[in-house]
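To keep things clear, I will list the structure first and then write my remarks on it.
We just call them A, B, C, D and E in the order they show up, numbering each chain from 1.
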Amino acid sequence: MKRQDVAFAAGAIVVLLMGFGAVHAVANPYFFFAGYVIVQYVVLATAWNILGGYAGYINFGPAALYGAGVYTSALLLKAFGAPLVVNIVAAGLVGMVLGLMMGYLTLRVQGVYFAIATIALVIMLETVVHNIEYLGGARGLALIAPEPPAWAVGRTQFVFLVLLAIAVMSVALARWIERSWIGRGLRALRASEEAAECAGVATLRLKLAACAVSGALLAVAGAPYIYYASYIDPGSAFSLTLGLNTIAMPLIGGTRSWAGPVIGALLLASVQQAATVTISSELNVLMVGLALIVFIAAAPDGLIGLAERLRRKMHA
Amino acid sequence: MISRRRFSKIAAGTGLALAAPALSTSSLAQAQPIKIGTSISLTGPLSGTKNALTGYQLWRDDVNAAGGLLGRPVELVTYDDQSSPAQIPAIYSKLVDVDRVDLLISPYGAVLSAPVMPFVKQRDLFLVGMFALAGNDTVRHDKYFHACPWGPNSQVNWARGFFDLARAAGCTKVAIMSADIEFAKISAAGGKAISEEYRMSVVYDQSYPPNQTDFSAILRNIRAAQPEAVFVCSYPPDSTALIRGLSEVGIGDSVKIFGGSMIGLQYASLLANIGPALNGIVNLHLYVPEPTMRNPAIDGFLARYEPLARAQQLDALGHYVPPFCYAAGQIIEAGVKGANTLNHAQISRYLHANPVQTIVGRATFNELGDWTEKRVLMVQFRGIRGRDVEQFRQPGRQVILDPPPLRTGELVAPFGAARSG
Amino acid sequence: MFLEILINAVATGLLLGSIYAALALGLAVTFGILHIPNIAHPVFVVLGAYLAVVANERGWDPILAALAGALPFYLLGALFYEFYARVFERRGEADTMQALTLFFGVSLVVETALVLKFGTNQQTVDVDYVGQSLRIGLLVMPYRLLVPALVAPVMILTLWAYLKFTYAGIAIRAAAHDVRALQVSGVDPHWIKRHAFGIASVTALVAGAILVIIGPVDPFSGRLQIGRAFAVVILAGMGAVPGTILAAFIIGVAESLVSAFLNPSWSPGVAFLILLATLALKPQGLFGASR
Amino acid sequence: MNRLVIEGLEAGYGAVSVLRGISIEVRQGELVALLGTNGNGKSTLLNAILGFVRPTAGRVVLEWDGQTIDLTGAPPHRIVDAGIALVPEGRRLAPNLTVEENLLLAGSGRRARRDARRNLGFCFETFPILKERRAQRAATMSGGQQQMLAIARALMTSPRIVLIDEPSLGLAPIAVTQVIATIRSLQATQNLTIVIAEQSVVQAIDISARAYVLAHGSILRTFARGDSAADLDDIRRAMLGVGESRRPTEAAQ
Amino acid sequence: MSEPVLAVRDLTKSFGALRALGPVSFALRGGERLGLIGPNGSGKTTLINCLSGTLRADDGRIWFAGRDVTNVLAFKRARMGLARSFQIPKPFVGMTVLENVLVPLDQIGDGSDHEARAMAILRSVRLDARAGDDAKRLSHLELRKLELARALVGAPKVLIADEAMAGLSEPEIDEILAILQRLSEAGVAVIMVEHIMHAVMRFSQRVICFETGQLIAEGTPQEVAEDPLVQKVYFGEPARH
């Protein structure tokens, strides 16, 4: 148990150091453009899975929280020229509040209704942004981010490193939650809310906490985007495709442990990055659709579940 | 390698270029190609512009047939951006950092090019702009050259033609409606600015969601405001629905001129689809087959485009996007040949100093890379009958009202009369 | 003038509402009665619209084309249910997340198939009544909306009568509450659900024909309708077929009034606001007293 | 001879085994009772006969009109179609349907449809209250009326054998008497074959030809009319777990 | 006689027009073994749900361990030592047996070594060998034991065992009874809700019988079994002949 923690911490530090090293060693910036997208998916998948995987509440509108993060950050940058760290914290807070609102919904509705309500949240927020002139409305908002610090080599490298740090922290947080009493409580209430309650689990509080943490991290994932793309628009910030991918990744990897979303994200994002430039985008989307169907039908516990099943079969 | 390059340089420099076609098959094939990179919206909501690729390809074929650039063949490197700005940064980085392209062309429109602008500014790269309104106004990059004739200060000016016509027709009250889409919002803002400048009162100003299918409420509200000019900034899906709404609920007798900035009324499928209901509408275009526009170059281009379009199920007319893609190539061609190098600074310096003759007209660039002269057309649809696409290849159906040097007819007003006529 | 705008806004809202009801009808069966969250339903509507377009190119009226295509669409829907049941049968109870994701995957595949076959261009139909309006005093009603708005209630009433007066219809309604009641009555619940899915899919076809008469359709048009369709079904109270019409009227008129008097830009949010409010305040819907 | 034969039936829910080798036989025209307190497997037995619970061992065979139909593991609608009807515990009516719709639904089976009109007439004749309230939603009826409806629904399937699970459960005493009387008269006048599961030993034994006492998933003993009152008392004590007893397993062996 | 550890007074609960429970009053002494019987639908489950707090009673009061807990939420009652098991086992599937037991331990954590304590509890019900297995792979008996183990970790003052023996074989019933017996000896008051009569009667010091939401009989097992009302409830009206 302890040894695993040490190994994980060491792994996390290695990833960060490798990221930092790569920024200085790899001259080709494309690596970081593509890397940003992949790391962003890791954050999104991990964040989503805290509520969707551990607690079993399906947030079908992760794009609402991501978009809220994107726009919070852009708003602060435009209004005050706030530094990225401040924007990330602010996006996290906004995501947390929205997450708590979603958590309130779990009191009233469950299952499909919760999922549908979260879809509604995306459209509502997008409509609101459309009608706020200051945020550029439907026109979008082009902002040039301030110069990055010198140690980060370049702008893209800088946001890549920031996002990498966020990703490492998100995964560490997800892992901690999973292994702590909180994760146990969440999984217990996923199995049976009534039994969990009767085992002394404060189910309501835990659900709210999961919604808040998941919401905050989803929003944080969007905070650096304006620095990356220099331009945001409602269509990209509240993108249906992004939401879909966010859900698909943990499902492909496996929702029960922190490693599932990470594996799913690395896999899907890399394949998509490669596919964008090799095969037609239609086939790209078709691939995601088919992957979803195949995984639901054949491997409901994702790649990790599949691997475990195979291992058990080999032992038996 | 070096010697071959030097040879090409000498060849080009000493007027041996005339002999280049003869050399092309042997030496051109061996030369290191010049790579030109861009992204095209092959999929997604902007995939109506995917015929851009044909425009680029035709130019590439022409330039290679004529011996290439600097004695080297031209090669296109293109990716599908799925109409999504989120894809753009990675694609352009890949073009520059992985594919090592020599020159860049922007993706289509303001939304997709917005993420490219800071990138080229930071890397100090040459970029040919495509269709973005006011694309360089924020970044103010000195190596940006627009292939489209929006003209200077385009955000405000590019639709000025419509308001010039409205003012000439004596309009004082204007209604502005726009889709919740970047391009439409920018044009609406420009329209508002000009209305103010011309002291017209804006009696209606609202936007609607991009997929609005029923315009009866909006049209009734506009009719209630009794405007004389209606400036419409719409996108393909709603353009059709809006025009249908016009026939169904009408717009009132006060309106003298209607249209302005409706995207979609340049596409063959939409034009054919709407048919006679187009009559009377005054709308922007960049090329129509009117006598003042035609020349052998563009005619030849369109003649070659047509069979390709049929084979690949592209827009049958190809008036809107492809000629300007060809022109983008011509701008690159002129810059590279003129500066006789692939050095971005030198190409830019050359293009700032010299006009370029393209198949869509002569382009002179200002300090922001916009054409010094606005050459957006305001055309009025006349005598459209049935749903045959061929009629849009004939003169007299899309009469040019503005700019004056290209004019082929006068505004027919009021709008009601123009519709029935 | 105000009066004219108001009257016409309400009239347009009712027309739109009638059409929304048609869009949501299949969902009222699959989701409302069978509790299967078929978010792929709107995509089937779009598929139906494309069928109407293809038939229209050969000179068919879209509505007639829909009637002609009913059988293949019925089979398609039945096959779709069979697939769904096969996937989840082995696991007993269907996990909501997995069911939703499965339907999402199916939506993507159908959308992409449409893109690959027809491209992303908008498709329209060519019928005589488009572009004309019925004028009664101040009231102006475009036939483009009026015809679909009349077809929709006919379809809804037909389905209602089917559910009310036939054995299969009664069985479908019984399936809403207690599968055991069906089995004890000697009815195969699997067959009934498959049948209901087939019917829902036929309504999707008709709704698709209606959709393409109203305006242009592209492969992604379904996405806009997901929320609206669910809003109608949930507001109506799961599975209440006559309630579906009223709920759809409420949403249609609300959108139309917002469009006319506030700002059209806000109208996409209306359906979702109503949906959220329903979920938060009265999750059983307007007519959902029985649950 | 027309009869239903159950041989060595074992069944349960998931990992829980409830029935442990039950063998009984029901002949045409008989009224047979299954006795036992809750949790001893009466309902599970009926549900296993009807196919709701999949047997893990044993057979359910219907021998009727010269045909032998093996119903083991068949889906419920097939079993109903073969002529076995169930009046389930908790009645399981479709609450949103009217009385008449509930009846029509049960008359929609392949075999039953031929006689649906006649059966409906018979049901309305037997239960006038149902005719009176034919348009009323099932959920709004009183418990006794719902029980009548559930029995009538079983009759609509043109059954050869009717299984009735705890008809007296949750009913007022007067309703119990009524329901029991109805069942008895159905058996007497229509020559219906009936299996009734009850924990009210007294009533059940009163009307049945034969009773099987179920304890803990096995048949503890068989009890026939005319057995001594002392035996009856014995059973009652055993069922309440306070007999000198004889733990059920020992007794069963 | 020790003080009552759990007491209810005039507890009622209705679902719509149906009065499912009460008014009912009774008390449970510390360490007592109480049997709760009654036919299906007699209100037993409603009573348990009201006691454990998953249902809110309409009226009446509940005292537990000297506190009025009528308005205390279910999870807090559980933490106070009011434990229950479920008629249909509700294991936390997707978690190991050990984790299943850690869940309630987490909630009352006092910093001592949870895993050791959890293992000790699993040993006491002889589930320790399966500590690392997913709960969904357990046999029925093991699930029943897991239910009890989960209820036991909080060192409860009261355990409500809701049909903890349903579906078990005789030897298995004996095993569960032995566990409950040991608990009782350790001072835990047990309410056994059960249809397996011989088990209730053997185990209980006192039995109460419910019918249509009312408490109709109370006394020693023998007394209750002989009670004419109980007999009537179970076996119907006395024979007329």
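Just so we're on the same page, a residue touches a chain if its C-beta (ideal position, glycine included) is under 8 Å from a C-beta of that chain, and two chains touch if they have at least 3 such contacts.
Because the structure is predicted, anything quoted here is derived from the model rather than measured.
Touch-path distance (fewest steps) from subunit A to subunit D is 2.
Minimum number of contact steps separating subunit A from subunit C: 1.
Ranked by how far their CA centres sit from the centre of subunit A, the chains are topped by D.
Centre-to-centre spacing of subunit A and subunit E amounts to 43 Å, using the average Cα coordinate of each chain. Mean C-alpha position of subunit C lies 49 Å from that of subunit E. For the pair subunit A and subunit B, the distance between C-alpha centroids works out to 38 Å.
Put simply, the C-alpha centre of subunit B and that of subunit E have 77 angstrom between them. The multi-chain contact residues of subunit A, meaning those touching 2 or more other chains, are 127, 130, 282.
Multi-chain contact residues of subunit D, defined as those touching 2 or more other chains: none present.
Chain contacts: subunit C has residues 115, 263, 265, 268 touching two or more partner chains.
Pairs of chains meeting the touch criterion: A-B, A-C, A-E, B-C, C-D, D-E.
Those residues of subunit B that touch subunit C in the complex are listed here as 43-45, 47-48, 180, 206-209, 211-214, 216-218, 220-221, 224, 236-237, 240-241, 244-245, 247-250, 269-270, 273, 277, 313, 387. Every residue of subunit C that touches subunit D in the complex is listed here, in rising order: 167-168, 170-171, 173-174, 176-178, 180-189, 290.
Contacts from subunit A toward subunit C in the complex involve residues 52, 56, 58, 60, 105, 108-109, 111-113, 115-117, 119-121, 123-124, 127-128, 130-131, 240, 244, 247-248, 251, 282-283, 285-286, 288-293, 296-297, 300. On the side of subunit E, the complex with subunit A involves touching residues 52-54, 73-76, 78-79, 83-84, 86, 90-95, 99-100, 102-104, 106-109, 150, 154. Interface residues of subunit A facing subunit B in the complex, by the touch rule stated above, are 28-34, 36-37, 127, 130, 137-140, 142, 144, 155-156, 228-231, 233, 235-236, 239, 241-242, 273, 276-277, 280-282.
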